[in-house]
Amino acid sequence: MTRDLIVQFLAQGAQMFLVLLLAPLAVGVTRRVKARLTRRQGAPLIQGYLDIAKLLRKESVLAESASWLFRTAPYLIFALTWVAAALVPSFASGLMFNWAADVVALVALLGAARALLALAGMDVGTSFGGIGSSREMMIATLAEPAMMLIVLTLAIAAGTTRLAGVADHFIAEPLAVRVSLALSLGALVIVALAENARIPVDNPVTHLELTMVHEAMVLEYSGRHLALIEAASMLKLTLYLSLLICLFAPFGMAPASAGLVGWTVGLVAWTAKLLLGAALLGVWEVSIAKMRVFRLPDFVGVAFVFAFIAILLAYLSGGDIG
Amino acid sequence: MKIAYEISHLLAGIMLVASFALLYQQRVGAVINAFAAQSITLALAVAWAAWSEHRPDLFITAAIAFGLKGVVIPLALRRTVERLGIHREVEKVVGVGVALVVGLALIGLSQALVVKVTQRTMGLGRDELALALAIVLLGFLMMIVRRNAVTQVVGFMSMENGLILAATGARGMPLVVEVSVAFSVLIALFVFAVFVFRIRERFDTIDIEALDRMRGDRR
Amino acid sequence: MPALYASGAALAVLAGAAGLAILTRGALRLVYPLAILAALVLGAVDLHVLLTGVVLTDSLPIGLPTIGLRLRLDSLSAFFGVVINGGVLAASVYSLGLDHEKDLTPRVEPLFPLFAAAMNLVLLADDAYGFLFSWELMSLSSWALVVARHTDPESRRASHLYLVMAVIGTTALLFAFGGLAGPAGGYSFDTIRAHAAQPAIAALVLAAALIGCGSKGGLIPLHAWLPLAHPAAPSHVSALMSGVMTKVAIYGFVRIAFDLLGPPAWWWALPPIVLGAITAVLGLLYAVLDRDLKRVLAYSTIENVGLIFVALGLALAFRANGFAQAAAVALTAALLHVLNHSWFKSLLFLGAGAVLHATGRRDLDGLGGLIRTMPRTAIFFLVGALAISALPPLNGFVSEWLLFQSVLAGPMLPQASLRFAVPAIGAMLALAAALAAACFVRVYGTAFLGRPRTVEAARAHDVPLAQQVAMGALALLCILGGLLGAPLASVLAPLVRTFSGGMLPASGSGPTPFSLVAFDSARSVYDAAVIALFVAIASLVTLVVVHRVSERRTRRGPAWDCGFPDPSPVTQYTASSFAQPLRRVYGTVAFSARETVTMPPPGDRGTARLQVSLVDYLWRVFYAAPGGAVLRLAERLNMLQFLTIRRYLVLMFAALVILLSIAAVTT
């Protein structure tokens, strides 16, 4: 019994570190694919790790007007995002602490991270920070409700709000083509793009104030603080990819009771799907242009509309959509 | 008994006619005369009720009605009119015809009301009550369709006449009430007279429309 | 019942404090200590009743001749009593820090204990007369507090509107109780409970109760007085009005809809759900665009009251359809949100009071950088702001989570209109949650973060100890309320069972004692303590690792600002700048927001102007239009004052003839 418990505990711990380990790789894959498609050599796949290591080695310069909030926010943001990412089932569902947070709490944890980031953006008192924070919160008022509606739709389909329960439901019943679920998928993709500051919502490599959202908020960060924030955004991307995989392509995911073999299979499957998703993201980013900031509400609003129709259909059919 | 009822009914009817007369008179003097006539008729009606129903206290009421309202007050009013040089013509708001038609409607109303209210009592005094109510309403009507202050006083007092008539029909109106009512009428007349005199002094007219024009912040 | 006598004694103490303070100026400084004492006693009695479940009743021979004043303390009253007395306690402790010479006046201090006593009396009342009397006393004492600074035109306007709305509300409640009492005229609540009302009457009573209690709580469209009146009052009174008086309004609605009206019909749920959701979203849209700190908080109160009404409506819907456990979840969400909101809203208002006290300013664009000049207030306000944005692991998220769980139970409702309404409501709730976060990031970021925008903000200092203690205690309650959501819900379980018929699974049925389980642990679990633990561990691990691995030096320098640092604090974002994206997205729809920019021609060194115009349609339709109509009617009727004698006689004559005709015609 104890041995079982220890194994479970280790598996849960493994998941936590797994997402952390693979996040920079996923981002590296995206960048590499983008580079190759635009006929550049591109940075090596491990560039993400190198960037973080470099930032960690550098001295952190703080503005004179920065407060304790500015200094502590990166740690909290990173911790919140990491916990959220660790709660999404990756290679196995039903791990030891899976019950702690359900989908609603997951959305709220991400919201907490975002609120802290926006506050940190306002802290130094420059106009760039204000730009980033205000635009970020505006996008959030559209993306977060859409996200909430998506997870609620899926929870209705699965009959539970526990992430593991939702994952199990979608493993057991292969994704039948239902309008609700298709709309949810579309909405979740749009929300993922918006939340991760990817094209067409935001350009992660730009520093023009006309186009910045996320970068503007973190403009004043440097050194280890910036390393943490970068790591957090990588984790967030991994989280969303993982969520998409878990909900809409969960084949290969091991149930909780599977032993080491099952987990290894799940691990391989998950890693492959993650990197594939990152590559697809790269292709997408190359194929489409960034939108004007004030076209964004329309774009993210589409996600909201999709999500709303999805949940409406779920309700009107009495919860019987899965 | 029937004859007693017939006579009192007749007298009430004469009072009603006097009310109508009040409405269509053109001159102040004629109005005062009609009022005097009405009051005397009232006195007769009350006296008749006193005699036929064996209620001696009503004689006092009759005497007061005759003395005060039939003689003293009309004389006083005449004197006031002469001394103040009040307009001998009565200014009208609505034409005579309209006033008379409205008067007829009021009579119908009072009849209908009294019939409705006294359904269960088959008292002989029912018609008299209707007539008395009509007289009250006609007195009120006179107050509002005539512009002269004197005619307002007269209208007010003919309302009183109607009330007293109604009260005689009721069982036992105590003398005290009558005396106090009479005194209040007297005082009201006195106040009216003083006012009229004062108004006449200051404004040279007691036409209330003219007076109203001099009132401040009129909308 | 000695417990009830203790309550009575505490109320008498409050009344006595009020009286003394009116009579002698020296007694003003006694008001708050006495209020603290009374609040503690009352709160203790309420806790006792809530935890043990006894019902205390009594009656006094004053009031209506046939019934007297009946008092009853049951678990519902006790719960709301805990909420109210907690708020009174916090506000009183806060006020201990006020300067006796400058701040205490006979205009405010005597009315404070009266206000507190009136609110407690509303909860204790067990007959319609006592309820309405205490309700009116509460309204009038808070009105007098609003109008305390009567030289300020804003206060005068606020108090005028407040009085009108309070009268409308009480009249509506009068009708509600009249309908409940029925033609037999049984005004005591026991008589009312004994016989259920007919459906038509019940509908009217519910509508009247919604108007009466909703107007006091700030439900749209009866909300317009709240953002004017709450900021106009002194800060600790604003905390009471927003955090506590609105809860008395909720109590009134719960008492009427869940207790006195008897078993609910399904369509009773629709008005509170719909109005509540609209209130939640619109309240925040107003909040996000407003530039006064206290007014933003007042609008946020409106939003939270909307959320509570949504939860109550859902509870009614589930209860009417017999889904007892779903009803329990919704009702628990409502009651927990009542408690949570009273804590964090009081905290925020006390914080705003501290800011006002320190800087003399209430406008967001005149503040900034207060996190350095008022460090403790800043921490407490941050806790309050994060709590109200419903971010885990604080207490706002607990009630929000339960609310979403009850929305999720919506598909089992059989009625089509409910099934159509609930997902729409869910969408609006999600929107409200996101807007709340945006609103409070804006408020906190503008007021406390950044650089000071004015001299007053730069010269601010932190507030006296008593005020810090009050705010700190409330912040601690917000944190504890977040972690201990499950034990709190289980304390409420007997109360919830009485009024909804079901209950949440017991506190131990989840994986840990802190797990909040909505339906059953396989379906939905939220464990705040574990999540907080995880986040804490993750943060610590990160901190340790990073500090071990990385360069630990930090250097201070000027802000980077893309290479163009500007020493002037004017260039940082203001509150309206922060709101600009939201104004463009939502304001153009809801308020016809228009921006006009007038630029001077090139070469001209004059200033450019940006003008933002917003149209408040709710005000136009529900307040300005009827108000204008009433005024025009009054103007017409005013002519009645200036008629001639003859015309008055005509009026009298006409009235007489009409009455006689009616008597003649009717049977």
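Chains: A, B and C, in written order; residue numbering restarts at 1 for each.
Rule of thumb we're sticking to: a contact is a pair of C-beta atoms (placed from the backbone, for glycine too) under 8 Å apart; a residue touches a chain by one contact, two chains touch by 3 or more.
In this text the structure is predicted, and so the values were computed from the model without any measurement.
Closest to the middle of the protein, by Cα centroid, lies chain C. Among the other chains, B has the CA centre that is most remote from the centre of chain A. Note: centroid distance chain A to chain C, computed from Cα atoms, is 35 Å. Mean C-alpha positions place chain B and chain C at a centre distance of 66 Å. A straight line joining the Cα centres of chain A and chain B is 97 Å long.
Of all residues in chain B, none touches two or more other chains. The touching residues of chain A, when paired with chain C in their complex, are 56-69, 71, 75-76, 78-80, 82-83, 86, 97, 99-102, 104-105, 108-109, 111-112, 114-115, 118-119, 121-131, 133-135, 137-138, 140-145, 148-149, 152, 155-156, 159-162, 165, 207, 209, 219-220, 222-224, 227-228, 293-294, 297, 304, 307-308, 311-312, 314-316, 318-319. Contact residues of chain C toward chain A in the complex are 368-369, 371-372, 382, 386, 389-392, 397, 400-401, 404-405, 407-408, 410-412, 419-420, 422-424, 426-427, 430-431, 433-435, 437-438, 440-442, 444-446, 449-451, 510-511, 515, 521-527, 530-531, 534-536, 538-539, 542-543, 546, 549-551, 553-562, 565-566, 569, 571-573, 577-582, 584-586.
The residues of chain B lying in touch with chain C in their complex are 93, 106, 109-110, 112-113, 116-117, 137, 140-141, 143-144, 147, 208-209, 212, 217-219.
Taken together, the chain C residues at the contact with chain B in this complex read 638-639, 641-642, 644-646, 649-650, 652-653, 656-657, 660-661, 663-665.
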